[in-house]
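For clarity, chains are labelled A, B and C in written order, and residue numbers in each chain start from 1.
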Amino acid sequence: MEATLADLCRMLEAQGMRPQAEGDASLRISRVATLEDAGPQDVSFLSNPKYERMLQTTRAGAVVLRPGVNAPAHLPCIRVDDPYAAITVLIVRLHGHRKHRPAPLNPAVTTIHPTARIGENATIHPGVTIDEDVVIGRDAVIYPGCYIGPRCHIGDRVLLYPNVVIYEDCQLGDRVTIHANTVIGEDGLGYAPVGGQWVKIPQIGWVEVQDDVEIGAGCAVDRATLGKTVIGRGTKMSNLVAIGHGTRIGEHCMLVAQVGVAGSVVIGDHVTLAGQAGVVGHVRIGDHATVGAKAGVTNTVGPGETVLGQPAIPIQDAKRQVVYISRLPELYEQVKRLERQVAELEKHRHVSQVE
Amino acid sequence: MEATLADLCRMLEAQGMRPQAEGDASLRISRVATLEDAGPQDVSFLSNPKYERMLQTTRAGAVVLRPGVNAPAHLPCIRVDDPYAAITVLIVRLHGHRKHRPAPLNPAVTTIHPTARIGENATIHPGVTIDEDVVIGRDAVIYPGCYIGPRCHIGDRVLLYPNVVIYEDCQLGDRVTIHANTVIGEDGLGYAPVGGQWVKIPQIGWVEVQDDVEIGAGCAVDRATLGKTVIGRGTKMSNLVAIGHGTRIGEHCMLVAQVGVAGSVVIGDHVTLAGQAGVVGHVRIGDHATVGAKAGVTNTVGPGETVLGQPAIPIQDAKRQVVYISRLPELYEQVKRLERQVAELEKHRHVSQVE
Amino acid sequence: MEATLADLCRMLEAQGMRPQAEGDASLRISRVATLEDAGPQDVSFLSNPKYERMLQTTRAGAVVLRPGVNAPAHLPCIRVDDPYAAITVLIVRLHGHRKHRPAPLNPAVTTIHPTARIGENATIHPGVTIDEDVVIGRDAVIYPGCYIGPRCHIGDRVLLYPNVVIYEDCQLGDRVTIHANTVIGEDGLGYAPVGGQWVKIPQIGWVEVQDDVEIGAGCAVDRATLGKTVIGRGTKMSNLVAIGHGTRIGEHCMLVAQVGVAGSVVIGDHVTLAGQAGVVGHVRIGDHATVGAKAGVTNTVGPGETVLGQPAIPIQDAKRQVVYISRLPELYEQVKRLERQVAELEKHRHVSQVE
């Protein structure tokens, strides 16, 4: 759809924001685009001040940004306190978002156990398998190829993209979204060494995925050996993330792609694990901690700490180490020079003693 | 089910173990739980002496542990040589384990090629595709969404969880378990550079997964270019593990989540690769070797060696390097101090020479 | 099939190569095999001169190799400029390659939206879902369990192995191959922090996979927030690779298993990312650059550069750092020795001053 700059402001006001327009209010906008890609009919946004210089070169028709940020005089702006939240509103209004087309239930190509209870207005696509005693909430959408094992409880408005597999006894809260080909509740790596062979320890626990969690594509979350593995309320995970058995992740965390967390780990709330970070088993990570990309956490991380490196240490130490290591060639030179100087001094001393 | 401490001992004796009970033999137990989660009706266990202090705080009704481990006087115990093996028996007896409900074959929603041979008592769920000349063993269970390509041979009692894909010509031994969304036998990364483009080298080998292997969720095991990729008897793999073409992994190995092994690698028996470890192509890893978490193996690892770091080196060297690196700030200080002292000494020498 | 050495040469000549045979031209060959596995009826090949010594021990009947490479006098050879390209021809001729058996469209177990357009001679297997307004090209092969979302455009001769998921609006060029259980176009990790919670930013972009791309098993390629994520023409990716939203990968690149590229990255043409390498968001990697295994790219990499390490630096610097670090124990010893020597010198100086 198309809208004027004034229209955009009204859309934001309707969400309780207080936008300030600068420039031609009748300017016509038809799309949202990045600063890099935007053209004269597009509205773009600047959230991170680090990229402020891009305002000089963007071809965008208008930009959403914070009060106080410098913008070229000719560039129409909408000033709001939270440009991200504002642009989210504009994206949905100008472009709409993914519609989940209702699909009539087709019993010929769907396998729903007679004991399963399907909530009102839920959409179960063809090729889905729902096993015995499963409960599916209202308005849930289950895409083709999903498998939901016995006794799982799936909350209201849950969204499972194609080929998601949920093993038996797992619990998904309301408004959980899981992207394609992710697996929840597979057995963890539980074996006892008996006579040189690995004997399987039955994994009889489950996984609890709390309300408003979103999990990316191709992830794997182990069920607990006993008790539960927990993904806390509001936590978001990217793709190809592996979570070990019995691990408890707090609320509103962010796990970037290819993170791996071993078993029996306890992670607090509002924790960020950056891409390809790993956490060994049985450690704790405090609230609001941040683990840098590729870091290897081998010990407890305190609340609010930021760690980096392998093994992971406080980020300022890790960064200093990188600098120190980069200067090693000089250090070796300095030491070699010192050795020559000291040898010279010693020779001189011996000479003077002999004298 | 519920049982007394004496009943539990009899369950273990029936498996050839020699449990010694301490405390009230009539105590009633209904669940197995971790030391952390257990309550008064639960039996728990301690295998790793590192967590011995948890015996002081656990609320468990009873604990299975090794002879000689100190436990609080009031805590009923069952002493056995291998607590892990014992607790496995108790879990199965008290809780049961996953049942694979037999599903009647439904030809309308299952695609089985007429030349395929399905073993006695095998369960083929709806939505499975079994291609031409496939052989499926007795008592195999194939969950919905699995695809088994032409000429695959699947052994007896094999268990394929939902959406497992096996490309053509692969061989799975008896009692192999593969978790959801894992792929066996996709093409390896085989291309020849011809005129600035990549030309595909047909990957005509296969994968051999030997008896009693268990593979986690979301893994990918390349077929060989020629010949076979091998996962040896009794080896266990966690989730999101990648194995390259033509690699041969020995027997009773343990591969933790997100391990990556490139092509043409030869790994011995009883080898452990910890989480996120990587192995470059064409190297060998000897029997009983251990590769630490996140290690990057770039060279042969000898039998029984434990390596760590990137590039991976013997663990004691790797740990010493971590210490040395952490002390670099001091070392730089020491060298700076030495330089001042030597400059002072040299000045003095010149002065005294001038004198 | 079986062929003589002379026959093999004719097969290569038919492809425009100029093979030179050495040894018995009537020798009968029935298979292609690796130098290690080959027997007297097999032809093998040597491409990498590093493995030249294997020519001494191979049991192969004949070997394809470059002019000028030393081979044992008794070993029949076919000399060509590009042994890899030659062996590819011989593999296809002697063994054939994967045949994609045509499957009659079975509307009872396939869900094809009436608005979808399926190209001539395309094979849509049972259990496939094709959503509204999808276009599928000629001769495409879509294996069981694939899901193709609304408005996707799939080119001619595209090959999707089982359980591939393509979210809405994505575009696949001609001759694209995607291996099993890979996901294209899932939402990227786009959230804005609002009041301590993560609010989802709708991901309304798409993924463009250009002609002749091949993507391995279990990968995940995020759609862009706005605009497109691009995998450039002829690029090849191995398994379990994660690509972030809005990233643009150039042409004829090679991404090895478990590589992770964050969002908004721009990668040039002919770039190689080795196994488990990671790239942070918003950086650029120039044409013909190489990123070593497990490297962590945190900054721009120039054209033709090869980087290694975490953070990634030029490979020669990274290798030197490894050597310097390995010698730290000696360096600490040297400095300690220097301190003793200097203390001794200072004592002497003070003594002589006192004298």
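Everything that follows uses one rule, which is that contacts are C-beta pairs under 8 Å (C-beta built on N, C-alpha and C of every residue); 3 or more make two chains touch, one makes a residue touch a chain.
These numbers were taken from a predicted model, which means no experiment stands behind them.
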Exercise for the section: Could you name all chains that are in contact with subunit A and with subunit B at the same time? Expected result: C
Handout entry: Equivalent interface positions on subunit A and subunit C, same or different at half
Key = different
Problem - Interchain centroid distance [CA atoms averaged], subunit A/subunit C, Å - result: 25
Handout entry: For subunit C, residues contacting two or more additional chains
Key = 108-109, 127, 145, 163, 181, 218, 240, 258, 276, 310, 325, 331, 335, 338, 342, 345, 352
Completion exercise
The subunit C residues in contact with subunit B across the complex are 32-34, 37, 47, 82, 84-85, 87-88, 91-92, 95, 97-98, 101, 108-109, 125-127, 143-145, 161-163, 179-181, 212, 214, 216-218, 234, 236, 238-240, 252, 254, 256-258, 270, 275-276, 293-294, 309-310, 322, 325-326, 328-329, 331-332, 335, 338-339, 342, 345-346, 349, 352
Handout entry: In the complex, subunit A residues that touch subunit B
Key = 108-109, 111, 127, 129, 131-132, 145, 147, 150, 163, 165, 167-168, 181-183, 186-189, 191-194, 196-202, 204, 218-220, 222, 225-227, 240, 242, 244, 246, 258, 260, 262, 276, 278, 280, 296, 298, 310-311, 313, 317, 320-321, 324-325, 327, 331, 334-335, 338, 341-342, 345, 348, 352
